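Two complexes come next, and they have one chain in common, chain A, joined by chain B in the first and chain C in the second.
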Partner chain A sequence: MSDPNTTLSTLIKLNDLAGGLFLLTAFGLVAMRQVLASLNLFILQSLLLAASAFFVGYQHGSVHLYTVAVITLVTKSLLIPWLLRRTIGEEIYARREILQVLNIPTSLLIAVGIAIFAFFLSSPLLSASGKPFVKFNLPIGIAGLFLGAYAVMVRREAVPQVIGILSMENGAFFSTVAISPDLPLIAELAAAFDVLIIAFVMGLLTRRIHQRVGTTAVGQMASLKEE
Partner chain B sequence: MELIYILMIPVLVAGLSLIPIGKMFAPVITIMGTLMILIFSIRVSFRAVSGTEVVALKNWISSDSLGALILLLVSFVGFTAAIFSWGYLERTAVVNNPGKIRRYYILYNLFLLSMLVVPILSHVAIVWIAVELTTLLSVFLVSFESTPEALEAAWKYGVLTCLGAAFALMGVLILYWGMSISGKGPFTWQGLVTASSSISPMLLKTSFLFILIGFGTKAGLVPLHTWLPDAHSQAPSPVCALLSGIETTTVLYAILRLLPILRAAPSIQVEAWFMVFGLLSVGTAAFLLIQVKDYKRLFAFSTVEHMGIILVAAGLGSSAAQYSATFQMISHAVTKSFCFFAAGSTLLSVGTRNITAIRGLIRKSPVVAVALMIGGLAIAGAPPFAVFLSEFSILKAGMASGHYLVTSLLTLFIVIAFCGILFHINRMVFGKPTDLAGGTTMATTNIVAMGLAIIPVILLGLYLPDPLCELLRFAAASLGR
Partner chain C sequence: MANRIIFNVFQVLVVMVFAPLIKGILNRIKENIQSKRGPSIIQPYRDIWKLFHKDEVISEQSSWIFQATPYVVFVTPIFVTLLIPVLTRYPLFFAFMGDMLGGGFILALGGFFATLAAVDTANPYGPMGASRTRMVGFLAEPVFMIVFFTVSFVAGSTIPYIVHKHWVTPLANFFEPSHVLLMLAFLMLIIAEGGRIPVDNPSGHFELAMIDESKGLEYSGKAAALMKWGGAMKFFVLLCIFLNVLLTPWGLAEGETVGEVVLAIPLVLVKMLLFILVLAVIECSLAKLRLFRITEFLGAAFITSVAAMVTHLLET
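And then the complex of A and B:
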């Protein structure tokens, strides 16, 4: 058995790597034009979330977090993509979203601002706990949450909007693995079930909108508004 | 045990609604199920009146007086809306599509279940999931009529409230973090109140803001209310009664539960946040009410207004104000569901949602016109209806606690909303009748539902039964520390 301190620092480095990549995928979800690429990025993001849960779990020797990693792997990187592809026709994924609400360089600039804001927001919270992983996971999780919300606002296609919402939950759980690794398993399971229902319901609704209205550019639907 | 029955009945009825025998079966069994739920909720409330907590499963399923109050509201509106649904669906285009009617009742029961679950769960993380499920199970009820507008409304509803829910999730998780730092205790509403003074105020505040934004989106608080008038006007009318009458109330309940927790740290000034967001909602809704063209949107904006009023009342702080806030929750829920029944009947009898196209409704269908007039007067806050009494007690409590500016602004906005609502309703009910070709007659069940729904609207304006008064008092006390 190697020295526990080296193990810890290796784990922290690995976790930091996962976190950095996680943030990068969150940026990607804002900027990626192709619908299919958004979905693939979401799968990658979920894998990174599972990896972080695994690293933190290894450090705490927590079977609980291993379970969380497995649940995440199964639901978010297998079942949800399968559901989204199953409910929505294949041709939608081949689509490229030319017109976002803002052009992509502007959008990315704002996204950077949002990420900095997330770090700013979480810095006073960090003093509350001395756990080694919190320092990194909390701000990145909050940044993931905000960037997901931002992606929902600027994307006009239905599928990237749904993926934006799902990635917000990924962000929240990315913080959770560090800040409250002992959340009851029933809550984790219920939350996993909940994201599945989100994917299913919104996927079906997208299909119905496509059949009935003939478009999935939901951002351009504006028949209901105040005069 | 009643609490377990309350949870099992909707599941059972939803399962039975799947069986394809006759088009009467699903509606009848849903009405019977909701009636049983109502009876059980009344029994739970009677036990909660004495101030004791009704426990079915410790730290998971239990109901105190505030929970019992919400449970009572949900089951009452669920019952009347089930009766209204029967006649409403028979009069709309889906009547020849038994599969679609069955799907409606399955979703109806599951949606009702998710709203019944929110007040009787104690574990906060599970409450969050229940709130999220109320959205997901009602999305297809909003899009039920499958018009492009209904689909658009359902999409906005789903996306915006899920977005809000993700923020609320972050808030709940930060709250859990604070709880686990401060030492172990059950992560329940009660456990949080006990532990709140040892949770770092910084964590409490951050988590509060996340939850206020998140659940506030779903309760329809300005500026994140934009989906609400769409969803609450495009859904079938009995569903609107559920969405506007009780769904918003159950979400607001989850926000109000934070009040005693946050009062542990006076530096957060939770009351000020409540009053600012509340006034913003009341004011915005009051002005938007004036320009509506669709009478269902009119009532939807009135929901935004009333959510604001309840939030302001809870923020005023004194125990009289808390009492009036819980009273306002009841009077709004019963009155608004009645209003949407009246609006649904109007839609059935004239076939249009456009306010300007309707004149002299009283000549064409007197029953509908009278119902609409009563609904308008009652929700606007005219005496002798329940909303008048509760709004009056809020304003009185506001003056008594010395919040003169807040109270006078609130009064001003309520008066503007009053004029806005009655201006539109008046135009529809009176005047020279226009030629309205479309429309059918109402079913008996529609009239029965309205007859039942109007009872508390009038009764609570005249007299508050003693047990209910006690329940309100205990519920108000649980908002304080």
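And then the complex of A and C:
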């Protein structure tokens, strides 16, 4: 493994593997029926993001990316799930099916379309950059971003929507780690805490909605009126 | 050349002899995990032996399809065995006749005849199982196609002997995302096609919930034995394709001596045993899906295979 070329190709393979599984979890977040399974998938996705940041960081010898990996690990796979469980636990452990606008096979097919659209969108950008990891991370990151947004649209309940927004952020980060290996640390920290606060605020908001209305099925709240 | 013909016939014999054993071990492990004692691992042999000595009853209303089907179901896995690597790393005498797509078509032929025979008897449960099998089948078909296309994309061929070399030369190829995703998709396909638990319950005795089993309800005696044996061989062949071509292309015979080919038998069986252990854990930890949830299961397999293809396009 001392040969730099073999190391690079192995790292690229491992990073690609993390990327492929990242894409799969993004699809899973669109299709999972249970809230708890969605949250677990989100944790897995964050772990894969951290792994990718670690691989890219190892290649560039970049301390910043190691920090990104550690921050992701701590905030997204530990703190945010903990926060969500603390604030809206009863919603997360509720063993019922998430309401959806479309049925799941249809929404998966649309998700495939979105992923392919993301790849077409990123292909002109790829020619601008010669870095080895960008070729893989940028399209997958954009696809993750879009699929997160799609999950927010298609899910009709607050908690899966929160998870969708957080996974959008994951997607954005996934492409960032490859594009700019020397992102200033302050930006990373800001982003990480931003997400944490977002999760906290949304969790509290959802909790209030749940206390007031008794449900978080936001799709059914179109006719909510003041009394 | 004579060697390769002999090995080819030997390979068929190995599949015929060990297919019920694998089924027996799988049943035993499953029962053990559920803290029951379970049947002996040679129970499938005993069943087949017993059925061969029983009288056969054939409905007067049925046509020749009903009588021909057990032979078709029994022979199709044998034909596929001639094409795929079961024991050897190099192609044997008959392997030129078809690639993985060809093998898939031959297996599908057996399924097609089993479906026709189920409809033929007009037993109320038969057509129900037949239509359900078709539902699973046509949902699994696009996944099969995309898996094969992706394999041919990545490895540059659909011939199994070229494909399984590609994954391990160099070893880094093994960790290609498209390979890993393909393995996941194919695992789901094996579960669907083999009638294993999230899709179908192979040990259930409730006719209304059956998918795969209810097709053979009308058979008795020798025909039932052939159907059972053929089913076990089909599962064995699917495992061979999955393990020897996609998942773990190690442990196969390199040379053309008899010793190496015989040595490959225990190695292949050990691989199968490990995989069966995983399969038994999957089966014991999941519940059977409701019928219309199967679309979602196979939809997930479809997504996985499409993701495999797309990630491969990104890499190149």
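Criterion: the second predicted complex is superposed on the first by the 217 of 227 C-alpha atoms of A that agree within 3 Å, B and C clash if a C-alpha of one lies under 4 Å from a C-alpha of the other, contacts with A are read in each partner's own complex, and residues count from 1 in each chain.
The rule is simple: a residue touches a chain if its C-beta (ideal position, glycine included) is under 8 Å from a C-beta of that chain, and two chains touch if they have at least 3 such contacts.
The structure displayed is predicted, hence computed values, not measured ones.
Clash-free side-by-side placement of chain B and chain C is the outcome of superposition onto chain A. Panel annotation: after superposition on the shared chain A, the angle at the CA centre of chain A between chain B and chain C (CA centres) reads 150 degrees, nearest 10. In the superposition on chain A, contact is made by A:186 with chain B only, not with chain C. Of the two partner chains placed around the shared chain by superposition, neither chain B nor chain C is touched by A:8. By the touch criterion defined above, A:158 reaches chain B but does not reach chain C.
In the superposed model, A:198 lies in contact with chain B only, and not with chain C.
Put chain B and chain C next to each other and count what each touches on chain A; the higher total goes to B.
Overlay on chain A (Cα): least separation between chain B and chain C is 19 Å.
Against chain A, in their complex, chain B makes its touches with residues 123, 125-126, 129, 132-133, 136, 139-140, 143, 146, 148-149, 151-156, 158-159, 162-163, 166-167, 169-170, 173-174, 176-178, 180-181, 187, 200, 202-203, 206, 229-230, 233-234, 288, 291, 293.
Contact residues on chain C toward chain A in their complex (touch as defined above): 172-173, 175-178, 180-181, 184, 295-296, 299-300, 302-304, 306-308, 310-311, 313-315. On the chain A side of its complex with chain B, the touching residues are 121, 124-125, 127-129, 141-142, 145, 148-149, 152, 158, 161-162, 164-165, 168-169, 171-172, 175-176, 179-180, 182-184, 186-187, 190-191, 194, 197-198, 201-202, 204-205, 208-209, 212-213, 218, 221, 223-224, 226-227. Against chain C, the residues of chain A that register as touching in their complex are 6, 9-10, 13-14, 16-17, 19-21, 23-24, 27-28, 31, 104-105, 108-109, 111-112, 115-116, 119, 135-136, 139-140.
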